[in-house]
Structure formats: structure tokens, C-alpha cells
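Chain nomenclature is as follows: A, B and C, assigned in order of appearance, with residue numbering initiated at 1 for each chain independently.
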Amino acid sequence: MLSQQLVNGLVLGSTYALFALGFTLIFGVLRVINLTYGFYFSIGAFVALTVAREFGATIWVALPVGALSAGVVAVVADWILLTRLRRAKAGELASLMVTLGAVLALYSLMAVFIGTDIQRFPFGFVDNTAIEFGGIRISLVQMLIVGTTFVLVAVLFLLLQRTKLGLMIRALAENEDAARLMGINVGLTVAAVSFLSGTLGGAAGVLIGLNFNAIQPFMGEHMMLRGFAVIIIGGLGDIRGALIAGVLLGVLEVLTAGYISSNAKEAVAFTILVLTLWFRPVGLFGRAQAKRA
Amino acid sequence: MDGMTMAEWLDDFLFTYETLIHALGVNGLLALSMYCVMAVGQLSLGQAAFMGIGAYTGALLTLNLGLPFWLVLPLSALAPAVVALVIGGPTLRLSGVYLAISTIALGEVLRVLYINAEWLTGGALGLSGIPRKADLWLIYLLLFLAVLGFWAVGRSKIGRAMEAMREDEAVAGVMGVNLPVYKMGALVVSAMLAGLAGCLTAHSNSFIGPNEFGFEMAVTILSFALVGGIGTPIAPVIGALVLTSLPEILRPLQDFRLVINGLIIVVAVLFLPRGVIPFRLRRAP
Amino acid sequence: MTVLLSASRLTKQFTGLLAVNEVDVEVAAGSVHGIIGPNGAGKTTLFNLISGLLPSTSGTLTLDGRDVTSAPPYQRTRLGVARTFQNIRMFSDMTVVENVMTGMHTRLKSSGVASLLRLPGFRREERAARDKAMELLAFVSLADKARIRSGDLSYGDQRRLEIARALAGDPRLLLLDEPAAGMNPTETRDLGTLLRQVAKRDITLLLVEHNMGFVMDLCDRITVLNFGRKIAEGGPREVRDDAAVIEAYLGTKVAARLAKAHGA
């Protein structure tokens, strides 16, 4: 039924948007292609899973714990991998390649220790209740996902626009050298951005893992290309764009799976990504970057 | 090794390591395919996708049409070249990261296509029973010719133009280098080499599947060039040799192969920005 | 006087900044033409428009009668335009002689196939190219440094290498973006001598410069820009005494005082 599909699409799209938010933060602010971001996604999911299984935690505990752990891992990993490159002003390509190698190693390491079987949250992790009206069924899980996404987006927005830290981050995004000269502690700000984006990615991991009830080490990698699709379609560094593009993509994927085929939905993100890059590279809300000769 | 002649030992060696030696040659071609585009400063990661096109084209031509191998091979190089020509226009307008992302995305689109077109490609199960027509001498002959070709072209105005584009594209244009033509040329040659490699793989492993030519393969090919370097055409080939034989040498750590691969990339980028082979091809007589 | 390069109402609008505003310039063949103006006047932008690195917003550009307004850089080079850059843009990993040979790109005619097979014709051409490159290096006094890695040269040497590289393509018009930047008086004087010799080779020079003395000495004709507009044009003496120019460089107060002092 169309309206049910739309609801499902909205839910899926929210997770994409959440994932993309953290990603666009790093790329938009730090101008760094950090592919390890996908790993934080997986970490968030697995930590939440472990906490739920070993300690019987509920979603209300597992979600923040998973997200925050991912945030911490993000700070550490970014510091190890990227400080040297930042100092040498090595450019986007170098950070792409280093994080590519790192994430490959990390995923594989995780796979070695945890195995590649799909794991699931314990039964009854979240109540199976749902509300129904007009033929549409919205489960608690789905409401949780959408709700959390909007809350986190709002928090991020307020943080960036209304707090001192947010100001520092925005200054850094504009011009790193100028920011440093203004007395902004760049290292600290970078760490804060890493933490925020890692947390967002981790949260997205828990929620997507919950949505499909399927968790395995390489799940982050699978999301990465979609993440790229969302941030490029939405426009780089644009939070509003990431949100809209994410939801749009989710809806389109669900509709494609419903009306065309389940396999075809895999190609939706990539096809739109390629088309966007070819015909409107700045995305929906991006600003064209002036190129200096 | 008592009572064994040199010839027998060699025979034994080749038999045991046959797959590896085949793979070394094929990966050498893939490394050159990567070298080709990186040498003009483009980070196109489409080699895996082109390899897939070549592999499927070759396998299908052999299995369904029964064409002789000497015909199948060039056709498998032509197919991805045509695709490169088609997508090259809009794709090569992108630069850096965006080019990389779009080429990987294209590879993923192809993967979905392979899985869906079951009637042709065997779907998720792939194609099997491909006759083993890729002789060792053929693979290494092609590799040798490719290296020679790059070396020859490198020591001419084309080579200088390529290096100029890599260092400073805008200035290369001001020097009179026809940038669009060079970029497209590099992409097409890279596609042909990857297509050849794909066809050769299909006819060595006798089996190909849709998941072999995606993201992981693209990263592996990139790592050949990263580790080996791109100063001379032989450098990425050596990178391929090292990275392909490493898993064999590190057999006990089999599960950690990808981990090591990843770590090597990290180390290469952080500490060896020019790759292991720092030499540079001389470009003036 | 034949006009080699003609810019007509050339304009470049960036978002929020009108960098070049309807500028008309005519450069006579065989002349040395200078473009001056205070910082931010749009000189380098104008240069980038002429060499094709920036697309113009409106206006036309003609080279020897041909419309090159939307021609990409490589086409302009083929038609005989060469340039040097304000912040020297060398191919640093290449050797000195390789850099110069890269400048010959448009003049080398061997096909890809000939290069691949290393046919005799191709090898002859490469050797001839190398010899010509060495000649040019001798012309700029860099012959002894031919095999050195370009990035390792001193600043002054890099400047001269850039000029040699620009000359390698047999240009008719040489654009020089602040060639004397960062040079001491001796180096500047040597540069002036070198450029005069370049001009003698029947090459038209168009240069952007800050060094007033250098420009006045070298140029036949000078165009003055300020805030993207042309405010004066003429021979060195005319321009030096032009009120608008003085005002642009020294401000209205000083200009007024000078005018009074000269009994205007």
C-alpha cells in the first residue's frame, strides 16, 4: 500500500539522513574524506548489540552507549590517521586513501574476531507495539528511528548555530588558517567534530541495525556509498540537504523495491549519485565552489 | 629433491603455484591500467568495473558463441573501451574525489546489473565452466608489451604532457596539452588493459561472479599503484607483484589478508608518498 | 600598426565581485605593452581571461583577427600565446630541460604511433627538440643546469626557466605575470635586458608589473587598471603624469597637492 511504503521510506530515509549528517560534518567542515566513518557505524551497532546481549540493556541505554562509543573510537582513529596528513596539508586524495586502507584493515579485523554471520538483537529488545490508523502500521521501532533522527538533527543544528563550539566549527570550516589565527584551538575543534560525527554515525548504526534487525561487521561499508550519494545529492556540508536527500533516497528505495524489484533498489542510490555528479555536481543545496586558476 | 631434474622441479613448481603465477601476471596488467589514469592525474577507480565488463564479455563470447580465443581477447578489450568512451564525457569533467566516487558507483551499478540479468550473466551464481585458454606465456607477453609501450610513450611528448597534467593540470593546458583528449585517451587505454585482464582471469579461473569486480577489487588495484608508485611503468607492476604474493608468503595469516592489505595502504600513504619504487622515468633524450 | 591582441569590453563577474569591468585593450604586434594598477585592480584576472584559464562573463577577445573568446587554453597556445605565472608554476619533478621541452608540446608533430615504435623520424624530432631546448636555456643562461630537478633551482633561476619554457612554443605573444616579483635591482635589470632581447626576436610582450621603473623603462605602451576598469592608457610619460593614475596610486589628497604644485 502506497502510504505504508511512504512511511517505511521515511523511516529508512531518516537513518540515511542521520548517517549522512555525521559524514557531511567531516567532509564539509574538515574537508576530509574519512572512509573510516563507515566503521563507526558498525561499531555503534555492535556495541549496542553487546550491551543488549551481555547486560540485558534496553534500547534507551544501548543506543546512547553505542553512539558514544563510536564517537570515542572516531576521535582516536581520526587522530592517529589524519593528524599527520592535516599537518602536511596533504589534500583530499591522501586522506581518502589512508582511510580506505585503514577501514579495510579495521573491518577485516572485526570480521576475524566476531565473524561475518549476521547477528540480531535479542528477542523483545524493543516492544513490538505499534499504532495503526487508516491502514498504516507504524511500529515503535519506526517511531523511535524517526524521532531520534529529528532530535539529533535539531540538537546538531542548535549546537552549530547557537553555541561557541558551533561557531568554532563553522569558522574552521570556512578557513582553517584564519581560524587558527583567531585563537581557535584547532586540534580541540577537530576532535569535537570527529566525536560528533562518530556519535551520529554510531547512532545511525544502532538504528539501522534495529530497522533491519541485521548486524554484521561490513554493514558500514555497505552504507558508505549511500552516504556519499546522500551528501552529494544534498550538497556538501549542507545539513538541510543531507536530511532532505536522505529521506528522499529512503523513500525512492522503498518504492523501487515495492514496485520494480528488490534487486533494483540497490542501484537507486548509485544511479542518482552518478546522475547528480554528471549534471548537477553541487547537489540540491550546495554552493558552487569558485575555482582559482 | 633427490632424483629430480631441474625440469621436473620447475614443472612441479609451476603446477603448485599455477594460480598464483597467473594472478601475478593479470594483476600486473591491472596495475598498469591504474597507472594509466593516475599518470595523468585522474583518480578514476573504474578499473574493477572495466575488468568485469571484459571478463563477462570474454566468458560469454567463448561460452555462448564459441568464438576462438584470439578473437575473444581483443573483443574483451574493446567492450570496456566503448563503455569508457560513453561515460567518459560527463565523468571526466569531475575531478579528484568526485571522479573516484562516481567510478566506484558505476561499478556498483554494474554489479546490480550482473546479478539481475540472470538469463545472460548467470545472476548471483556467475558463469562457470569457462575453458582455460589463458596460457601463461600469453599473459606475460601482454604484460611485457604493455610495460614496453608505456615506457616508449613515456619518453616522448606524450609522456611529458602526462606528467605535466599530473603536476599542474591548468599549466599543462597552457602548454598546449589538449586536456580532454588526453584524459579520455588515458581512460580508454586503462579500460582496455583492465578488460584484457578480466578476460584472462575468466579464462584462467574458469569461473567469474558478479561480486568479484566491485569495491574490494577497485581498492586492491589502487593499492598496487599506491604501494609500487607511479614514477615509472614498472613500479605499479612491482607493487602488484608484492601485494599478490604477500598472501602466499603470509599463508598462516590467511584470515588477516585484507587486514594486512589495508595496513599496507595506510603505511604507504603516510610514509611512502611516492611508493616503494621512487625512481622516475627520464623523459628527454 | 597591426593589432595582435584585442580585448573588447571584456568583463569577469565573480559572485560578489566585478573583477574586470568592460576593459578594452589593443596590443600592437611587435610592441612591449604593460598593464599596471594598484593591488586588486584586476590585472591577474585580466591575464587569466586572456590566456583562457578563466572564462569571461562577457566581451570578446581577438587574436590576430580570430575570435578566441571561448577557446580553451590549449587552442590559444596553438595560435601562439604563451605565459608565465605570478607564483612560478614549474613542473618541479621534471628536469630543467624537460620543462622546456614540455613547452614545445604544440610544435612537436610526431604521432603517438611513431613514439610507440620509436621510429627514426620520431627520434630525430626528439633530439632536435632537445637541442632547441638547450639553445633556449643558453639564451636565459641556464644551460649548465639542464639536468637538474626544476624544483631544486633558485627562485631567480626558476623565473628564467619559466621564460625559456614559454618561449619554447614559438609564441607570437608572451604574457608575463609580474616577472620581476621578488627580484633585487640587479636581477631586475638583467631581466629587463633579457626581455628586450626576447622582444627583438619578434615576439610581442604583454606584462603585468608593480615595479614602476621597470615598466616605464621597458614598455612602449601602458594600460592602467583600477577596480577592474581601465583608467588610463598611453606611452610611459603620458601615463606617469596622468591625474587619474596618480590618484589611483597615491590617493586624492596627494594628487590634488601635486596638481597644485605643478601649477594646474
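The working rule: a residue touches a chain if its C-beta (ideal position, glycine included) is under 8 Å from a C-beta of that chain, and two chains touch if they have at least 3 such contacts.
What you see is a predicted model; the values in this text were computed from it and never measured.
K.L.:
Need the central chain here, defined by C-alpha centroid distance to the all-chain C-alpha centroid.
P.N.:
Per-chain C-alpha centroids ranked by distance to the global centroid put B first.
K.L.:
Using C-alpha centroids, which chain lies at the maximum separation from chain B?
P.N.:
The most distant chain relative to chain B turns out to be C.
K.L.:
With chain centres defined as C-alpha means, what is the inter-centre distance between chain A and chain B in Å?
P.N.:
Centres of chain A and chain B (C-alpha means) sit 32 Å apart.
K.L.:
In whole angstrom, what separates the CA-based centres of chain A and chain C?
P.N.:
Chain centroid spacing, chain A to chain C, equals 49 Å.
K.L.:
Between chain B and chain C, what is the gap in Å from one C-alpha centre to the other?
P.N.:
So the centre of chain B lies 42 Å away from the centre of chain C.
K.L.:
If I count partner chains per residue in chain B, which residues reach a count of at least 2?
P.N.:
170
K.L.:
For chain A, which residues are shared contacts with two or more other chains?
P.N.:
293
K.L.:
Multi-chain contacts in chain C: which residues touch at least two other chains?
P.N.:
53
K.L.:
Please output the residues of chain C touching chain B within their complex, sorted ascending.
P.N.:
Listed in rising order, the residues of chain C that touch chain B are 51-53, 72-74, 77-78, 82-83, 85, 89, 91-95, 97-98, 101-106, 108, 110, 112, 115-118, 122-123, 126-127, 129-130, 133, 165, 169.
K.L.:
In their complex, what parts of chain B are in touch with chain C?
P.N.:
Its residues touching chain C are 149, 152-153, 155-158, 160-161, 163-164, 167-168, 170-179, 280, 283-285.
K.L.:
Note which residues of chain B are touching chain A in the complex, please.
P.N.:
43, 90-91, 93-94, 96-98, 100-102, 104-106, 108-109, 112-113, 115-116, 170, 215, 219, 222-223, 226, 255-266, 268-270, 273
K.L.:
In the complex formed with chain B, which residues of chain A make contact?
P.N.:
33, 81, 84-85, 92-94, 96-98, 100-109, 112, 221, 225, 228-229, 232, 261, 263-264, 266-267, 270-271, 273-274, 277-279, 281, 293
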